[in-house]
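Heads up, the next two complexes both have chain A, just with different partners, chain B and then chain C.
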Partner chain A sequence: MLEFKLPSLGADMDEGTLLDWKVKPGDTVGKGQIVAIVDTSKAAVDVEIWFDGVVEELKVPPGERIPVGAVLATLRELGAESPPPPVPPRTSALPPRISPAARKRALELEVDPLGVTGTGPGGAITLADIEQAAVQAAAQMPPPSPPAVHAPAPVKTDRQAEMRKAIAAAMSLSKREIPHYYLAETIPMARAQAWLTAANTGRPITERLLMAVLQLKAVAMALRQYPELNGHYRDGSFQPAPAAHLGVAISLRQGGLVAPALHDVGDKTLETLMGELTDLVKRTRAGSLKSSELTDATITVTNLGEQGVEVVHGVIYPPQVALVGFGRISERAWVENGALSLIPAVIVSLAADHRVSDGHRGALFLTELRRWLQQPENL
Partner chain B sequence: MNERALRTEVLATLNDIAPEVDGDELIDDQPLRNQVDLDSMDWLNFLIGLHRKLGVEIPESDYAQLTTLARVLEYLKARLP
Partner chain C sequence: MKMSYREALREALREALRNDPRVFLMGEDVGKYGGAYAVSKGFLEEFGPERIRDTPLSELGFTGAGVGAACGGMRPIVEIMTVNFSLLALDQIVNTAALLRHMSGGQFSAPLVIRMATGAGRQLAAQHSHSLENWYAHVPGIRVLAPATIGDARGMLAPALADPDPVVIFEHAQIYNLEDECPTDWRCDIARAAIRRPGSQVSLITYGGSLPKTLLAADELAREGIDAEVIDLRVLRPLDMATLAATVRKTHRAVIVDEGWKTGSLAGEIVARLTEECFYDLDIPPRRICSEEVPMPYAKHLEDAALPQPAKIVAAVRELLNA
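Let's look at the complex of A and B:
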């Protein structure tokens, strides 16, 4: 018997709300398959399972709030015999087909999808069906009771408050437990800019690269020689990660931020990374991330230069052990070989964990990062 | 396409990227990126959106001209197919 438990989707999460199941008893599932959608304070997340098996019982109905570590479902190993008496289904009727967005709206509006007739493909319940049902239910409510049609506004406010609480919890943990040290280095960007301009000339606008992609790839390449900055600190010891999954800090338009992982950055071309970064930003802002993206990051990279700051003093996201921050690329007076010139440059900072590394190694990492950014053609 | 329709398209494209923006509150001759919080990814997606909707090619070397809403409109108007 295997138990599928609610994973922690980040240091700042201790509970979630199951929105929807993507599997049913009897289904064979494979490692990496999306089996459920769970709402966290940050987003509705597609939760992937991390082993193979056959679903036996779904232990949690949609709509229920559960703590991290709670058993969501039981499975049996592939090839194992099914227990003789079939597990009775939790609900008498088959669950209605309903889109995740509609399921979420139904919870917000307190509409029971079982009572809704779907008008979508194959009778599936759509967002519009749920909203229609909510309007009808409100119309049928006895007039004297408080005029509490559940408007979306309070839900939104709640999410923002929840997210702020979650960020506060993770950052308090970081500041309490991680002995940070901070380093910064001014890195010339003339070559990277010239290379990027040349690379983008003649490319259709849909295939152009952003400087952020060069910066991310350079970080991943530099990390190869400094494994003590790339990984997780858990239970009193550091586990270096075999690949660089960069958590990219993405601000949300309504406030707050998420830093989902861009996987295997060191092994991908700039073109591939550009496509994946575009997709990741889009899905983060739409609130549609996979659980692996929320848990796999081995280091965080933040770029606050676009907002005009010169240097970032980062707070490490536990259980990671380092954060790289890029400031604004701007023209600076520069002395090289005794001559003064004007060049574009950026201040790159490193916040790292003294339990795992020292300033000396951190400084060498920044030097290596600088070296990579001087040879953009090799990124 | 007349100017009003073009303006509507541009603002709709901007709203795809930044849903919180109220087009009526934008000042046409003030820098757009001072009025709307757009990072370089947002800016690129805004221009890609304009390219897809209006069929206008926007080389990277022209980005520097597109500072204000008025300039964006002027630039597009001159190049509409």
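Let's look at the complex of A and C:
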């Protein structure tokens, strides 16, 4: 018997709301398969399972709020005998029964059947139950009412507040426990810009590369020499990560931010990364991330240049141990070989965990990053 | 004008015999005896032995003769005493009459009308109490009618005779004595179901001898504040799905009352079609009230217990709506 428990989808998560199951008892599931959608304070996350098996019982009904670590489902190992015929006739884990007509009406009236008590045969939700619920909902709604939502209402309406709370918890933990040190370096971007312009010549707009992708790839390449910046600090020790999964800070239009992982950045071409980044941003804003994307990041990269700032002083997202921040690329007076010139440049900062690395290594990392950005053709 | 179901059938037959010289009636005891249920009483004297023909006790033989006469240009009305005896004529009905148009590539058809009594409720015991309407409703090539009102008893024969293909008419044995007003304009179609009682909360779908019982049940339900719509199928093949779908879209609840046995019943067909066509309009699982799956008992109290009854219908609806 295997137990599938609610994973923590980030250091700041201690509970979630199960929105929907993607599997049912009897289904064979494989490692990495999406089995459920869980609403965290950040988004509705597609949760992947981390072992193979056959689903035996779903323990939690959609709509229920559960703590991290709670058993969501039980599975049996592949090849194991199926258990004797199920004994319990009906468990509370089953979704409520609803008549076809009531289901249709619920969609039309935008009533969430989960909150409706059924009065039909066997406690089924009937048409009348839905219509009554709609009347009650209308009566309770404030005058300039936003359109009703299908999913459990409290979860969605509170998401902004919940996210604020989650960010507060994570950042407080970071500043309380992680001894940050900060370094910054001005990096010339003339070569990178020229290369990018040339690379984008002739490409349709939808396939053009953004500078952000060059920066991400350069960070990943530079990290190969400095593994102490790439990994997780847990239980008093540092575990370096075998690959660079860059957490890309993405701000949300309604406020707050999420930094989902872009996997194996060092091993991918710029074109691949561009496609994946576009997809990641789109899904983040649509609130449909996979659980691995929320937990796998090994370092965070934030780019606030578009907002016009010159330099970022980042706060590390625990349990990561570093954050790289890019400011605005702008024309600067530059002295080289005794001559003054105007070149585009960017200030790149590193916030790193002093428990794991020192300023010396951090400085070398920034130098390495600078070197990569001077040879964009090799990225 | 008030008349009995039997009188309405007789009037329709008399009119057909008078208006069309091709029409004749044949069957067991239709002449001298006046018909097993006295529908053709007096016809022998009025129309003579050429047109009111007593036949030997051979359903297969005289039904086949009817098919032949129909192919030859006549408009025979074959009376089979009861549906149980019609099993002996199944080959002529199912294998010949129903298929002629198809098998002759459209060259021939058999425009005959077969009338037969059906149903239980008169203590005629196991062999004379069947409701096998669905056996015929299963077969493409024939139209199956179940007049359940005085108006339909009076009006259905004319369009049935006008139909170029075979038509089987089921007369429920329990309602020959039913009396009611006959509408002045009794002309009717043989294509559509009828709403016998409009209602909003549940659709009671029935036909034939179960219609009076269902109307009684609807009255009882009305006293309890449940507004039931009663649908009379009238035509068992082809089913008028438009009317059935419309009533279910209105009430969202369907109860089918069918004197046939539940397994393989017409009620089962209706539930299946409603599920296929109106799934998202159904608010409770459809329910069937059929005969108990036993040979029909002779004893009165057992026969009553085996058949659909108003009290059973009321109880089922009450349970469905209040559960």
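Please note the rule applied: the second predicted complex is superposed on the first by the 307 of 379 C-alpha atoms of A that agree within 3 Å, B and C clash if a C-alpha of one lies under 4 Å from a C-alpha of the other, contacts with A are read in each partner's own complex, and residues count from 1 in each chain.
Basically, a contact is a pair of C-beta atoms (placed from the backbone, for glycine too) under 8 Å apart; a residue touches a chain by one contact, two chains touch by 3 or more.
None of these values were measured; they are calculated from a predicted model.
Chemist: Return first, second, both or neither, reflecting whether A:E306 touches chain B, chain C, both chains, or no partner chain.
Modeler: In the superposition, A:E306 touches chain B alone.
Chemist: According to the stated criteria, A:K42 is in contact with first (chain B), second (chain C), both, or neither; which is it?
Modeler: neither
Chemist: According to the stated criteria, A:T197 is in contact with first (chain B), second (chain C), both, or neither; which is it?
Modeler: A:T197 contacts chain B only, not chain C.
Chemist: Touch check for A:H232: first (chain B), second (chain C), both, or neither?
Modeler: Touch partners of A:H232: none, neither chain B nor chain C.
Chemist: In the superposed model, does chain B or chain C contact more residues of chain A?
Modeler: Comparing chain B with chain C, the partner touching more chain A residues is B.
Chemist: On the A-aligned overlay, A:L127 touches which partner chain: chain B = first, chain C = second, or both, or neither?
Modeler: A:L127 contacts chain C only, not chain B.
Chemist: So, A:A212: does it touch chain B (first), chain C (second), both, or neither?
Modeler: After superposition on chain A, A:A212 lies in contact with chain B alone.
Chemist: Does the superposition put A:K104 against chain B (first), chain C (second), both, or neither?
Modeler: second
Chemist: Considering only the defined contacts, which chain C positions touch chain A in the complex?
Modeler: 252, 279-285, 320, 323
Chemist: Which stretch or stretches of chain A touch chain C in the complex?
Modeler: Going through chain A, the ones touching chain C are 99-104, 120-122, 124, 126-128.
Chemist: Once bound in the complex, which stretches of chain B touch chain A?
Modeler: Where chain B meets chain A, its residues are 18-20, 37, 39-41, 44-45, 47-48, 51, 57-61.
Chemist: So in the complex, which bits of chain A are touching chain B?
Modeler: 197, 200-201, 205-206, 208, 210-212, 251, 253-254, 277-278, 281, 306-307
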